[in-house]
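A, B, C and D are the chain letters, set down in written order, and residue numbers restart from 1 in every chain.
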Amino acid sequence: MCRWLAYAGTPVLLDDVLYKPAHSLIDQSLRSKLGVETTNGDGFGVGWYGLEGHGEPAVVRDIGPAWNNRNLREISSHVRSHMFFAHVRASTGTAVQQTNCHPFRHGRWLWMHNGAITDFARLRRDLCMAVDPALFASIEGSTDSEVMFYLAVTFGLDQDVPGAVGRMAGFVERLGKEHGVVHPLQMTVAVSDGEQLWAFRYSSLGQSRSLFYSSRPQQVRELHPDLAFLRGASDDTRLVVSEPLGDLPGVWNELPESSYTVCPSGEKDYLPFWPEPV
Amino acid sequence: MCRWLAYAGTPVLLDDVLYKPAHSLIDQSLRSKLGVETTNGDGFGVGWYGLEGHGEPAVVRDIGPAWNNRNLREISSHVRSHMFFAHVRASTGTAVQQTNCHPFRHGRWLWMHNGAITDFARLRRDLCMAVDPALFASIEGSTDSEVMFYLAVTFGLDQDVPGAVGRMAGFVERLGKEHGVVHPLQMTVAVSDGEQLWAFRYSSLGQSRSLFYSSRPQQVRELHPDLAFLRGASDDTRLVVSEPLGDLPGVWNELPESSYTVCPSGEKDYLPFWPEPV
Amino acid sequence: MCRWLAYAGTPVLLDDVLYKPAHSLIDQSLRSKLGVETTNGDGFGVGWYGLEGHGEPAVVRDIGPAWNNRNLREISSHVRSHMFFAHVRASTGTAVQQTNCHPFRHGRWLWMHNGAITDFARLRRDLCMAVDPALFASIEGSTDSEVMFYLAVTFGLDQDVPGAVGRMAGFVERLGKEHGVVHPLQMTVAVSDGEQLWAFRYSSLGQSRSLFYSSRPQQVRELHPDLAFLRGASDDTRLVVSEPLGDLPGVWNELPESSYTVCPSGEKDYLPFWPEPV
Amino acid sequence: MCRWLAYAGTPVLLDDVLYKPAHSLIDQSLRSKLGVETTNGDGFGVGWYGLEGHGEPAVVRDIGPAWNNRNLREISSHVRSHMFFAHVRASTGTAVQQTNCHPFRHGRWLWMHNGAITDFARLRRDLCMAVDPALFASIEGSTDSEVMFYLAVTFGLDQDVPGAVGRMAGFVERLGKEHGVVHPLQMTVAVSDGEQLWAFRYSSLGQSRSLFYSSRPQQVRELHPDLAFLRGASDDTRLVVSEPLGDLPGVWNELPESSYTVCPSGEKDYLPFWPEPV
């Protein structure tokens, strides 16, 4: 599997979030604590939305490990963004190539994923067939994650994000079951259009990969007055991460099973998520 | 497009064929004379069958240019083979990744290609659908060449090579026409099972990419007694190349339009090739 | 050899200069017109100073060709700078590795080079020995260009750029002559501290690699009212390039032999440059 | 630091030694048990001597992790050798580039290393100065390991391997001490000329990195009759490894501090090794 991080809020230098924290994503690429694998060294990617606000995000991906990549370090030290994704990959056999690295981009959308479709090799053809034929040629890689993305686009990501992701999950569940796969889906997904960030946690088995969201900056500052992290961040600034970037109590909250969060969020920190029959 | 080379005959060090000739394939990667592009620097690959004769060939592919790749140079200086393929790629926009580099392998089969399916992006989905569902998951890249390979396997490569390639071509022609593509196919293809080598030249338009085969070593020696190239090679040794490895008269023969050659060959140097209706 | 481009002036998106022009540097990486080689595909690099003006520039370098690099395209479409360097490399045998790609950085300084020290392998040790011992460990690669940079730093780049470059050239001339090298140096060099850009053209033989600087934007607009390029650029905006980015008359001026230019420039477009005895 | 493996004896397919064992070197690249780091993913290399016995070994090195490298897998499945080295690297900040990957080659010699020269950045210049000026230009990378190699060549590797390595170590010890480095050297080194294999274990502190050699195949077969590993290997076949390839009792023996082993070995399994004053 993999580890990922999504940031939404006050513009920051990527470096402050990707490298500076004690157990940063870069550190997780080398020694993940909660991941299925300790090492996530089969490629990485970062995607960010420009402050000038033209729709298309930038996506930089490479096939080596993140921990020794000098270009990622350079970019992180010079790029500021209010909304960005970062992902470190642990392949389970799929080719290590740029087009299999996250995040994936379609128009103004960014998508990244940690998890798996069980027996993907067996389901892959039917899943691809369900993708809008007009989008089929956009599939460049060989991962389940990319197909899930284009299925979500097919199922209406532009109109209704939770609904589209729900229908994608529902379709995977149904198709898997039809092929005799008991627990077809295991996912933590982040998706953004540059204005909002959605993060989903779900698995057929109800034992999903870890996913955490940060407490409100105001609360973090009260708990840890001397903490540099998130200092000066607006109160609707939020991080969603595969595993906490450090051990400070009160900073990280587990996103419950079968739920999703939106940033900027409304009243509730999270809402229920269930696959929709397709 | 690309440049490729296929060798069949007396075992030689790859280096003698890949690097030593005046206008070697490595030289063609930097300054092709007959190619659509001068530069073929978007990845390369070499595939060889072991002298110990276990079925599966080795395939080494990388995403940088061949001309500066030290590993290719090392391998070529230490590996001997009686049957090998080499390919330098010029991408027309498709991702530069290992799984898009030639040759492609399936079981004991090697396949490489220079050419294109016109409007591939538009035809890609239907072409993939026609691939045997049991093979679909084997498609790792995003090139037309790989899909052509799996179509040929689907159409019976194991039983009848010219027939399977003919049916693949016939299917591409028909599908293209159905989508209003006037000239759907442009191809020079090499395929081998480790015992024989087949090379095909065909295009819908009847103006195919260049393809040449070498004269019989005996004849080459008579013409150029002091030529090191092919010295000591058995008389059924043959090279098939996208463009000649040098300018010596009498060494290289153009494979005519709509024909294919087999090595070791029978009476005739080549036979007619036409797409078969599918 | 190589091709390079240096920009100084009104902040622009890198893409507008690196990709948009008819014969852009990216185009030159594939089909250079004035270079020693047509192809410059042995790595590339881009270095830019941030608009927020903290001293250290960002440097992104990679070992593949620039023309097919998606990350360079992404960065260029999202990064704005008032001062940036870009370089495409054609190796003459030296290892293709990130630390041999230009530009090189030391503190706030950026340096890139096209040319060669004749018989560098023979002179390399003595050249390295002349580098300030405190800087020796900073040499990461194996190019003459990097050693020239650290020699210039050793000879006082921080205090006097033309003087330091002159002493570097003078030292190379003297050392070369001592080793019986007739024409030791061939160089076009760009160097910047983020506030000013210096470009030098010199060779022992007096037949230096091509180097051009752009005419003042005001003049360009008068000549080509409908030209998008440099539109909206302040009048002290300037490009220095290994070869013109297009064929428009009046836009590009050859920098004469043994001279250098500074941007922002004073009265004169360029000044004389000669090696200084060391 | 790193992990390495050296094989000498009956020709085998690299795959049998590099991939098949339970805790193979490839496994160690991902989860080393005895290494300073768990992960050794900053490049790898393999070097082998051809069975045809021409002097120069082949060296294939790449900058990604070994565990996901398909080319290494291909080569290992098709190359047989009686003498080969393999190395997986964990960089401590030095650039991740081919020329910093082991093994290093000079003429017929192969060299690989695990360990470090303390304060190398500070000692690097003086160490390089001590290298035979005729060899200086051969230094392509920036590692201490490569400089140690060329120092050993400078100190007479061609005439007397243990003596040359001893003088290299002695020089490092002396130079380090002169610079106030308390414990200058930490090394496990393998070196071969294609006919013999030498492996050294030494550190100033007397607490060297782990190093093991395999028991005689005859003995291994008696202990583990059903073990495929080393079956059919001549009795002077030996492996030297940074850490055991499995947990079988009686198969692996620790090479003591300050000692070296030669394969094929004489009466004794190992001999004492001490730095020689230079």
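Assume a contact is a pair of C-beta atoms (placed from the backbone, for glycine too) under 8 Å apart; a residue touches a chain by one contact, two chains touch by 3 or more.
Treat the numbers as computed from the prediction; the structure is a model and nothing was measured.
Chemist: If you apply the touch rule, which chains end up adjacent to both chain B and chain C?
Modeler: Shared contacts of chain B and chain C: A, D.
Chemist: Interface check for copies chain C and chain D. Shared numbers divided by all numbers used: above half gives same, below half gives different; which is it?
Modeler: same
Chemist: If I superpose chain B onto chain D using their CA atoms, what angle of rotation comes out, to the nearest 5 degrees?
Modeler: 180
Chemist: Averaging over Cα atoms per chain, report the distance between chain A and chain D in Å.
Modeler: 41
Chemist: Residues touching two or more other chains, restricted to chain A: which are they?
Modeler: 70, 95, 98
Chemist: With chains as vertices joined when they touch, what's the shape: line, ring, star, complete or other?
Modeler: Shape = complete; every chain linked to every other.
Chemist: Mind pulling up the chain D residues that touch chain C in the complex?
Modeler: Touch list, chain D to chain C: 95, 97-99, 121-122, 124-125, 128-129, 133, 136-137, 139-142.
Chemist: Touching chain A in the complex: which residues of chain C?
Modeler: By the definition above, chain C touches chain A via 48, 50, 56, 58-62, 70-71, 74-75, 77-79, 98.
Chemist: Which of the residues in chain C end up touching chain B in this complex?
Modeler: Those in contact with chain B are residues 30-31, 38-39, 41-42, 63-65, 68, 70, 91, 95-96.
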